[in-house]
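Listed next: structures, encoded as structure tokens.
Two complexes, one shared chain (subunit A), two partners (subunit B, subunit C).
Presenting the complex of A and B:
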């Protein structure tokens, strides 16, 4: 337990450096790219003087190093900067969008994780059966199907044809069903395939055969001895998936007009809203780092051979 | 796989494919509103036959193209009507982000104009045909030398907070645009700021605005809610952000919720004792109590929302959706041209297109009619000049672009062009550009031009344009004010996009337009410029004018566009 706490502390400390690295990379990349945010804000027909006026207002006339340290100083005080597109502090813009995206991402993450693990285990332990075929079919279909196509298909069937669910916007639980389903679909498919193949691999190991030879039931063998080992690649995948889901809802949010960070990210990049883009990427990085840390901790739970020492 | 599962598997796949295909046929032209379910409106043909106690409704339009035509529903104000009688709700889904309600604070805020119609009023307005009519100002008089204009303000107009509008409010509004450089950047406010001179209060109900310099766009901007009259005392007593979170105007609706981060405005009709003066003035009314304006960027989602009843009015249909939506009984409206699309050629010294023969060849090889028919499905007009019917300088019998591939080939041969690569850029934010660009590239290839197409993300496109890093580009300009004025006076006159054009006669004419208010002189200058454009083919080649199509529930009446691109939703009536 002591080792574990030490490990978490080390990882958290390392994460701080990773995140500082992220701020440098993001800050540099966004400015190395083409496009002048002042010109974007000033509009198509602005004169050079009007663009310069915007540049001064946005603090872009200062040297890059000064801009970076101003941003970092603000960051350490919890100030994420100011969005000139939304005319409000970035923190306020994110506060209005982040809960919606978290809700959507977590819904997609939760159902895809539970579904894929259960479906994958059943398919793996019943190799060649109808359930196995269904799992493989779902895995191929889910990975081949574009989120855009799936989204519009759901809208047409459950919204336009059957009038069962609202097709857009943010509201009650009913608004969450289709975008949530859409958000986790690809992840569920790939993870089902992974879980199934991992399970198939493990149950063909010698130690499983030996366990069965000792008269232990198939159910106990699978659940007690095979599952833990089969879970290892899934845990790694879940860690990444958690971070990816947060950033990966851009398409879903656009289709279902879900007022979240994905929509915001697209607008922010298009309008070169530097501070907003930086903050969104920073939050995505935090999620990814957190997801990986979570995966590390879960490793020790599912496989005691792995020591955090 | 076990043999016993092959057949069920094949059957399952077939069922899924069939279900998908059936679902994808959601926009089938044979679908009627009744079949679509209770959320959809009755077919327009049925609605046309309906009459109500004080209203009749008929539509005649271009059904073959999926356009409903003019809505002739009787909208006169019933006797004894008041705003308190309004009970309905309308959801309007549009495409733009709405980050602030003060349109002078951010560029390109068309939605703010829509909102301004509902919450504010201007000094003058437009009638159904687009003619200028008195509004908050009951009379106005322009000085003979166009150096000033005098307004006399109507009595008895109240803001929604109960304050009586007076001449100080009007003066304050104009002065705010002129002087508030803290909140209103030059690039946005310049369309008025640069022209507003001294403002004199000439009486209890009158004032005179002197022009700092001639304002060519004055008559096309003063009759929109461009200058939304604000309550001086209230505005000054409040913090800027506080006021614009719940702005107060003289219009028929008040804001109940504005969420800039989520691009959402919710409004309810004013029910104070004074009511909205405009309804009596227009002899119109509304039964819509609540209006919700929200952003929905995906066209398919907007149309689906219309079909399910989640939206009552949606902006900008995809061309492919127009006919199905019309067939399902929704009202479809094709507005006047809202954008002018053109090719800009880098034609300065040393540029490939400094060669006139090559410019003419390019113009000759572009089949503009085919572009409009094939890519915009006929929902656009071929543009021979930046002006459309109703604009200054529009000449229906004026010179035309020619389409002649053989002549173009000869010109290319005679030009000395030896296959140098031509860099053709477009912005990926321009939804019609990819197809148009490819089509033009292919047309140009036929006459031997070696065009390389480069899609650029908007900010990169703007930068390449400003740095002259292109040989040709495709772009469009929106109609906020006058397209023709912006193209001639700014794009050409100021060479804003750095084409390097050296045609001094054209450039001088463009610059001279910036100081002309007299419409006859503007008209004359425009014609001269257009002649030069069509003989010298620099720096722009006009392509087409987009005429977007919008749709709404066929039971909803009274939406007007006043020959503009902004919907006026003040006097909507929702049939029961």
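Presenting the complex of A and C:
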């Protein structure tokens, strides 16, 4: 227990350092680009004096190191900066977009997790059956599909041909179905495969044969004895998937014109809205680091055999 | 493992053979297409705008997959775009593997402060989602073919470096390394003659898994307008070209998606096959 607490503390500290590193990388990367945000804000007809005026107002006239520390100081106070394109604090811009992205990515995360676990278990316990074949077919094909193409295909089938679902935008639950499906598809495919192969491996272990030999029914053996071990690789995989939630939504949001952060990120990059891009990247990184941390910790919790030394 | 054993196992592995054969066909067809296709891949022909495939009732003769919004033959663009996408994928994978192998070997073998520093940098780069990092790099550098190579390679080597480093760490205290050192081998010699050949198997497995991911990333980047610059065709560009015509001309988007899927399937099959071939539990 003490070991565990120490391990968690160590990992948390490492994560904080990684995130500070991320702020430096992102800050430097964005400013390497050509294109002057002050000139962009001032417009095409601006005089050099006006551009200079914008530069001072946006704090871009100061040395980079000062800009960075100003940014970091704000960050620790919860201030993410100011978006000059939207003329409001970045926090307010994000507050408007974040719920939609969360809704979308959580939908994808939820269905892919439940679906892949159930499908994987059934396939793994019925090796060689029709269900098994279907699961493998889905897994293999799903991993080979481009999200962009899948999105277009869904739009074509359910939106254009069958007129069942709206093809873009944000609204009721029917607007969520296609983007949500698209968001979780790749994850569902790879995780189904993982769950199935993990189940197949465990079922062929000696202890399962021994359990069956004692006359315990197949169902109980599978659900009570096999599943617990078969779930181990899945648990960590779920942690990683959680971390990638936001990153995956960027393309899907563009396809379905979903008013979320992914869509915002592409716009912000094109309009050189530095502070906004920085914040979106940082939030995605926080998610990713947190997901990896979660995966790591869950692994030691669900599998007591793993020692932390 | 002896080369003859590897080749025999490869021949015996159905997955590997299916993937490999498919890839040979795809590479041959796409690679030579420039010499025998009937149309120009980039020249707009407004007369045949969005013409349906010629086996449709109202199709245009000579265009088996129809034409895109600028009247260019889709089959031609598919084949030539395929070559562009394949070149990018293979080159990026090779560069990533070389970078990853080099960093992994050096860090794993020498350890110390440099290893610490490089690995912490890897931690940081890996904490930024790859697609987002790639978008930022392209946004900063501008869209061009070279920048795409650069971006995909720079964001793609980290996993390999970690893998190679872990392999080296597991091996560097084994007897054969000590023996080599006792016989007077220099650090460089141990690194390149003893350790490096032993990392080739994990490297090969890692590479085979890398192709699919790279080609999908290229598609996503091209879709966001940050991939291969137009009018050069690539599978990513072809798919995103179909965006505005899903309703009126679905054939624009369907063909490249299928081509992409078959190619990734072939790469994945070959990858799974390679994994089986090098699996120590394999007794064939």
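Definition applied: the second predicted complex is superposed on the first by the 258 of 309 C-alpha atoms of A that agree within 3 Å, B and C clash if a C-alpha of one lies under 4 Å from a C-alpha of the other, contacts with A are read in each partner's own complex, and residues count from 1 in each chain.
The working rule: contacts are C-beta pairs under 8 Å (C-beta built on N, C-alpha and C of every residue); 3 or more make two chains touch, one makes a residue touch a chain.
Treat the numbers as computed from the prediction; the structure is a model and nothing was measured.
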| item | value |
| --- | --- |
| Partner chain(s) touched by A:288 [first = subunit B, second = subunit C, both, neither] | second |
| Contact breadth on subunit A, by residue count: subunit C or subunit B | B |
| Partner chain(s) touched by A:128 [first = subunit B, second = subunit C, both, neither] | first |
| First, second, both or neither for A:37, with subunit B first and subunit C second | first |
| Contacts of A:250 with subunit B and subunit C, given as first, second, both or neither | second |
| Subunit B versus subunit C as contact partner of A:64, first or second or both or neither | neither |
| Which of subunit B and subunit C A:153 touches, first, second, both or neither | both |
| Partner chain(s) touched by A:92 [first = subunit B, second = subunit C, both, neither] | first |
| Contact residues common to both interfaces of subunit A (with subunit B and with subunit C) | 33-34, 141, 152-153, 155-156, 160, 254-255, 270 |
| Subunit A residues within the subunit B interface of the complex | 33-37, 39-47, 49-51, 53-54, 57, 85-88, 92-93, 96-97, 128-130, 133, 137, 141, 152-153, 155-157, 159-161, 163, 166-170, 254-257, 259, 263-264, 267, 270-272 |
| Parts of subunit A lying in touch with subunit C, wherever the complex brings them together | 14, 17-19, 21-22, 24-26, 29-30, 32-34, 140-141, 143-149, 152-153, 155-156, 160, 244, 246-247, 250-251, 254-255, 265-266, 269-270, 277, 280-281, 284-285, 288-289 |
| Subunit A-touching residues of subunit C, taken from the complex the two chains share | 120-121, 123-125, 127-132, 135-137, 139-142, 212, 216, 219-220, 223-224, 236, 239-240, 242-243, 246-247, 250, 253-254, 256-257, 260-262, 264-265, 268 |
| Touch list for subunit B against partner subunit A, complex | 1-2, 5, 8-9, 12-13, 16, 19-20, 23-24, 26, 36-39, 97, 99-100, 105-108, 185-188, 190, 259-264, 294-298, 300-301, 304-305, 307-308, 310, 429, 456-460, 462-464, 466, 477, 486, 490-491, 494, 496 |
